Amino acid sequence: MTDQRARRGSIIAIAEQRQNLASLDSSIIDRLPAYSAALFEAKTQKRLTFEAIAEHLGRSEVAVAALFYGQARASPEDVAKLHQLLGLSPESNLASQMTGFPDRGRAGPMPPVEPLIYRLYEIVQNYGYAFKAVMNEKFGDGIMSAICFNSKVEKEVDETGAAWVVITLKGKWLPFTRF
Amino acid sequence: MTDQRARRGSIIAIAEQRQNLASLDSSIIDRLPAYSAALFEAKTQKRLTFEAIAEHLGRSEVAVAALFYGQARASPEDVAKLHQLLGLSPESNLASQMTGFPDRGRAGPMPPVEPLIYRLYEIVQNYGYAFKAVMNEKFGDGIMSAICFNSKVEKEVDETGAAWVVITLKGKWLPFTRF
Amino acid sequence: MTDQRARRGSIIAIAEQRQNLASLDSSIIDRLPAYSAALFEAKTQKRLTFEAIAEHLGRSEVAVAALFYGQARASPEDVAKLHQLLGLSPESNLASQMTGFPDRGRAGPMPPVEPLIYRLYEIVQNYGYAFKAVMNEKFGDGIMSAICFNSKVEKEVDETGAAWVVITLKGKWLPFTRF
Amino acid sequence: MTDQRARRGSIIAIAEQRQNLASLDSSIIDRLPAYSAALFEAKTQKRLTFEAIAEHLGRSEVAVAALFYGQARASPEDVAKLHQLLGLSPESNLASQMTGFPDRGRAGPMPPVEPLIYRLYEIVQNYGYAFKAVMNEKFGDGIMSAICFNSKVEKEVDETGAAWVVITLKGKWLPFTRF
Amino acid sequence: MTDQRARRGSIIAIAEQRQNLASLDSSIIDRLPAYSAALFEAKTQKRLTFEAIAEHLGRSEVAVAALFYGQARASPEDVAKLHQLLGLSPESNLASQMTGFPDRGRAGPMPPVEPLIYRLYEIVQNYGYAFKAVMNEKFGDGIMSAICFNSKVEKEVDETGAAWVVITLKGKWLPFTRF
Amino acid sequence: MTDQRARRGSIIAIAEQRQNLASLDSSIIDRLPAYSAALFEAKTQKRLTFEAIAEHLGRSEVAVAALFYGQARASPEDVAKLHQLLGLSPESNLASQMTGFPDRGRAGPMPPVEPLIYRLYEIVQNYGYAFKAVMNEKFGDGIMSAICFNSKVEKEVDETGAAWVVITLKGKWLPFTRF
Amino acid sequence: MTDQRARRGSIIAIAEQRQNLASLDSSIIDRLPAYSAALFEAKTQKRLTFEAIAEHLGRSEVAVAALFYGQARASPEDVAKLHQLLGLSPESNLASQMTGFPDRGRAGPMPPVEPLIYRLYEIVQNYGYAFKAVMNEKFGDGIMSAICFNSKVEKEVDETGAAWVVITLKGKWLPFTRF
Amino acid sequence: MTDQRARRGSIIAIAEQRQNLASLDSSIIDRLPAYSAALFEAKTQKRLTFEAIAEHLGRSEVAVAALFYGQARASPEDVAKLHQLLGLSPESNLASQMTGFPDRGRAGPMPPVEPLIYRLYEIVQNYGYAFKAVMNEKFGDGIMSAICFNSKVEKEVDETGAAWVVITLKGKWLPFTRF
Amino acid sequence: MTDQRARRGSIIAIAEQRQNLASLDSSIIDRLPAYSAALFEAKTQKRLTFEAIAEHLGRSEVAVAALFYGQARASPEDVAKLHQLLGLSPESNLASQMTGFPDRGRAGPMPPVEPLIYRLYEIVQNYGYAFKAVMNEKFGDGIMSAICFNSKVEKEVDETGAAWVVITLKGKWLPFTRF
Amino acid sequence: MTDQRARRGSIIAIAEQRQNLASLDSSIIDRLPAYSAALFEAKTQKRLTFEAIAEHLGRSEVAVAALFYGQARASPEDVAKLHQLLGLSPESNLASQMTGFPDRGRAGPMPPVEPLIYRLYEIVQNYGYAFKAVMNEKFGDGIMSAICFNSKVEKEVDETGAAWVVITLKGKWLPFTRF
């Protein structure tokens, strides 16, 4: 086997191992807290999916991904488990950073320019009033909380073999206070 | 019983009957197609919830509310059933309007100023990248369709008696074409 | 006494009676629900302050003013009492309108251009992070609800005779759900 | 006890000590004056809450947090006490920086994307005209000053054990000059 | 056959006849020249597709649709043929309006909120630089004209029976003048 | 030959070799992923057009340019071939970066300020509704996918010798789901 | 004298009488309170300058113009004098409108598009920090009030006969409260 | 005297010396030309007010502050005097920078977020049309120049001891050319 | 000759007569002063070009078109001549409207969406700094006035028969005042 | 002669030599391609005006200034002549950068904040529709190209000695294609 082909093979091998592992686009780093880059780098090195990490932490995949993007707060146990799983140096100050109160909402521009995220935005744009009308009839005057809230993403395959994404958004109903 | 109290009683009666019936805020009418106002007025008169209408049409509540807000297209059967249920005049040109191709997306401003709709927007803002990362790992490079898509809103009551909203967003997975 | 002076006197009289009665600037009407104009007109005719109306309804002044601006929902009792107090015709359809679910947040532009409202906006702009930091330390990771919320405005006069406005914002603390 | 568990324990210990200590999200540093980072770092090291610092300075918690975010000016006494309390080097030029005139208002984007700060913005958006109407009736034509102003945040616990945030905004009333 | 079913049948009939006939969403009328509404109404009455009209005028479908939306100028022959085909009154002043110089570009908001139009916008957003790089290499320094330009939309069905849209954009290459 | 003229000649030579080779404007680098700069630099060094690279990769020119701008994902084979063709060091971590999931849509501002890209935007602005109307009549209620999508750029020369750009946009038709 | 010339003469006469009388551009009416149009119309009819009206009211020209544009509140005496001077019908409800609390700040767009108003905006844009620095040195940490404020416009003619505008802005100094 | 108190005393001393000396907020540096930071640093070191510098240069305080913020051009004499007064190294290239043509208008965001600058903006927002109307009546159709312009800031103390800011804006009147 | 063809012929005739006569797009009317519509209507009726009107008024075509769009002020002589030329009723109040002070700058949106106007905007966007640099070198520190300004549009035909537009912008140079 | 005066004299000398030489404001560098800074620095060192450089290159001043700001592409000959004239090192990679395809339109913000550039923008804002109307009448339906375009800036002095700027914009007329 020639050198050339060997090299090419090894590059493919590296690339394939990374298939379907979410990593951090380098152009977004400045908008995220410093620990995001460190976490994503370790995740890439260890070749861990969010599913695997979530299982280790006993949390939801969406919550763990949000934590990596600086949109959720880690508990001390989360930090300890992440150190262990990702092999982070105990001397790093990730622990103190990740248990701080996140400055949420700045990861990406709004309206979103990323096609996947835009589709979610479009759902709010097109169906926002429909959701409001249906919730008002089911619950009265109030809102669905985005704080007292959880979410999950699941995969379904229909009879034709096509894949469907199922996102569940679950938030506590908060009625407007009468005062 | 005095006149005064009688009058007051009848006003309360009217108002109570309307409790938890979504109607159309008059200041939003200009942004919606002309048939929206007609449909909402008939719905108010008939005291019908979206749940009731949806059952009659064999469609989802969210889809029916979207149709009322001009965000979905009615089939000829939908139109016929709505005429019947809402008691619309067959001479009205609602049929031709409602089966036109909707000019979607203009019902409300973005970012939303309505608190209930804002919470949905906030979920996209805070968890957008998390959803993307999790979907990319589960499905590869692509998006969840907002077109080949359906949605529902359900109510859950937890053990403490508190109400929770559960929104399900289900969209077909569309992988980016390699070209 | 001349006619001229008499006429002038009566105009002053009319104007003085209206001193410090909030009315509706005609250029804002289009952004509000139709019942806003009707309510404000009756309020002006009856020369009622929000304080007087609030007392009659057993609600807060701020809540009543918000209701007039289409930012809060009236209960059937509120509607009945408003009809009585403002002398509204029982045939008007105010009852059904006011007990609908408000489409909140569109009364004025943001950033506000009204100097009084801008000052409140400026407080959020300048002290927003300070409020966040203090709340995070006092309560943990979460938000103060603007839904499960009430507010009041009070007047204080200091030792120099100068008037101070005291606004109290009281909202339930909602911790972020761990999921 | 194994090494592994010991390490995990110490990370949890570090993290727990930081529970509910507001720190500075690293992605916001560029928008703040240089001394902000220095002050927050020292605060984290010394494990001081804003409550503790405020008590030492004889100032309000909100004011002290605002000072850390570059939104308020420190007096020479404030600077001296902060040096002492935070153990800052007297050679640092924090003194000269902190007593400069702050370039206020640039800490975060408006509309806010941080959920906690957004709720305050939403209160202005929804209740702005209500506050204006009530103040106009109570005080006449003018504004509540955001300069000749103070604020505090308090915690209340209701009979069900639920925590409530109480924010008090107190500003001098400034009537429009007649000219 | 009962009356009820007869009525329902006729409504379905009307609606079906209109299937896949583009009409004008009533909420967009104000942004278009006055003749747009007249043209679309006649088109709906006559049940004509843009394909049929284009054939009659000897023009492209896209151009004819653009003309209906006030984005292209009609020649006197176009006007005469449209009068004939759509049965417009010769007394109407459509002729003078349609041969005026259009005030282009105001039909819809940008970024588009309509999902179909947004997808075209997204193509520009994602592939804009790619198009530029490829054109620069193929043609040098310049632009593709959007004025000396034509376009068509075609339908293709692939081997699986799935439909594909093929849009062709053809514009003259304009090199930057050296001066 | 003098030194002066020799130097001038060699500069012209260098510059001419680069004629019509798309390179990366240095002021745009920050908005792109880190590998963009590396790829463009190698492309410039090797004097390769996108046409040549596309042929080597067996992909479309537009797709390859999009990949260079961080708007498309590379397969492991793409990465291997690019390494070989561009002579990239196998030790670089380009492989892992390029096979990540791109954070699309941030390469340039919208509305575009680049004249070439603006013309494409203007086509959407002026003809957006025309495209929608024609597609709706040809396909029904739905959208042309920008994900299940491909595109090419071709050159045509007309009888007068003038060059025309022909862009083909081909996307799968996605009908709105009825639910 | 022919008819033609007579007519032309009378039109010139009408127009000349109106030279340098500020009137209301009809396209701005919707953004102003209803009484603005009535006041301006009467002012035009009576051919009164703001200088003349200001003298009659004992107020500043700028304040009176602001009052006409709905940016200031009239006292009962102002209203009475305006009725008398402008010959307004005592039955009109201008009195009650003009003594309401103005909804300030919406007369024109910001940034201003009117060249005269833009120049004032540009002064703030270019010299804003210079004004801040000079005021901070002269007064300490605070602001110049725009509420406890008055202004005047004067004309000066220099030695070359050129006219200069002199605007005086005078506002109370408000120091930031220490809290 | 203890060390502690001595250190605290000296910090107070440093801070007090800087009272009411405008300096440069470090977070604004990137928006200003490079010489701004150098000038402000020297000004701080030498403890010079703008009043003192202006006197030395024979210019207005506002102009000198504008020059420090990169909003005005220095003459060669200004540069020489500044070198002398501020003790700048003659080797620095400040001379060539400061006599360049400023790129004005980018010092701060518009609308301003700094409360002091916002008040000036608010004056334009509220009184813009009033200024226009008064100027039009006094001068005809034209504008007050912001180029052929000067300005000063003065302090007045009223009978109650309260301080007032008096800003004078003086610009040449430019009538619109008739063509 | 059949009726059909006769009718078609007359429509073409009407349309051709209007070829290259600028008229007013009906969707822009609301943004312009009321007299704009009246003037354009009369211009269309009389089939007058701006060139013809300009000659009659002894003014520039651009100035006359600007006057029709409410962007310039008419002199009494202009008004008299326009009445005569356009056959306007002397009873109309156009005279008083047109000699008012225009509220300039609101005819169209910025950035422009009209392709012709966008090209002018693009010239400012691309060459703005080049114009500034060249003017600064030719004239010093200042601006070209847009008030003391005139403009003309001319047609040139080159040797190949191609038409070129030549716009001349001529404005007085205004140096920044030293103060 | 004292040292002091000598030093001051030499600084004035340096500054005067730079009078009316356009240089690059350091705060704008990030928005321009890397070669801009290098070119401007060499221009400043050599004390060359754009007029001198343009003469050497046989191009227009405006084009050369645009090239310095990264808004135009250099030919190999331009690059060679610039190297010679500006004394640039042949080893620099300016040649390859400057002959790349510029990423136009990002030099400054729009709306412009620079007063000189704003005046040009204001001309488009105020006279845009007038230019369109006049061009449509002179040329038909189309646009003036900003690509097939050139421009020059000239100085005129009127009889009073006042300087006027004359900008000529010349673009090819492009009629809309009929399709």
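Order of writing sets the chain letters: A, B, C, D, E, F, G, H, I and J. Residues in each chain are counted from 1.
Basically, a contact is a pair of C-beta atoms (placed from the backbone, for glycine too) under 8 Å apart; a residue touches a chain by one contact, two chains touch by 3 or more.
Quick caveat, the model's predicted, so the values are computed rather than measured.
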### Message
Can you tell me which pair among I-J, G-J or G-H shares over half of its residue-numbered contact pairs with B-D?
### Response
G-J
### Query
More contacting C-beta pairs: A-C or I-J?
I-J
### Interchain centroid distance [CA atoms averaged], chain E/chain H, Å
55
### Task
Report, in whole Å, the distance between the mean C-alpha point of chain E and the mean C-alpha point of chain J.
40
### Query
Which chain H residues sit where two or more other chains touch them?
19, 21-22, 62-63, 75, 101-102, 104-105, 108, 110-115, 118, 122, 125-126, 132-133, 136, 142-143, 145-147, 149, 151
### Query
Hey, which residues of chain A end up touching chain B in the complex?
19-22, 49-51, 61-63, 65-66, 68-69, 71, 104-105, 107-108, 110-112, 114-117, 119-140, 142-146, 149, 151, 153, 155-156, 162-173
### Message
For a test of understanding, state which residues of chain J touch chain H in their complex under the given definition.
### Response
4, 7-16, 18-19, 21-23, 25-28, 44, 108-109, 112-115, 118
### Query
In the complex formed with chain G, which residues of chain J make contact?
111, 113, 115, 118, 122, 125-126
### Query
What part of chain F is in contact with chain A in the complex they form?
30-35, 70, 74-77, 79-81, 83-84, 90, 95-106, 110, 146-147
### Task
Using the touch rule from the top, collect the residues of chain J that touch chain E in their complex.
59-60, 62-63, 72-73, 75, 101-102, 132-133, 136, 141-143, 145, 147-151, 174-179
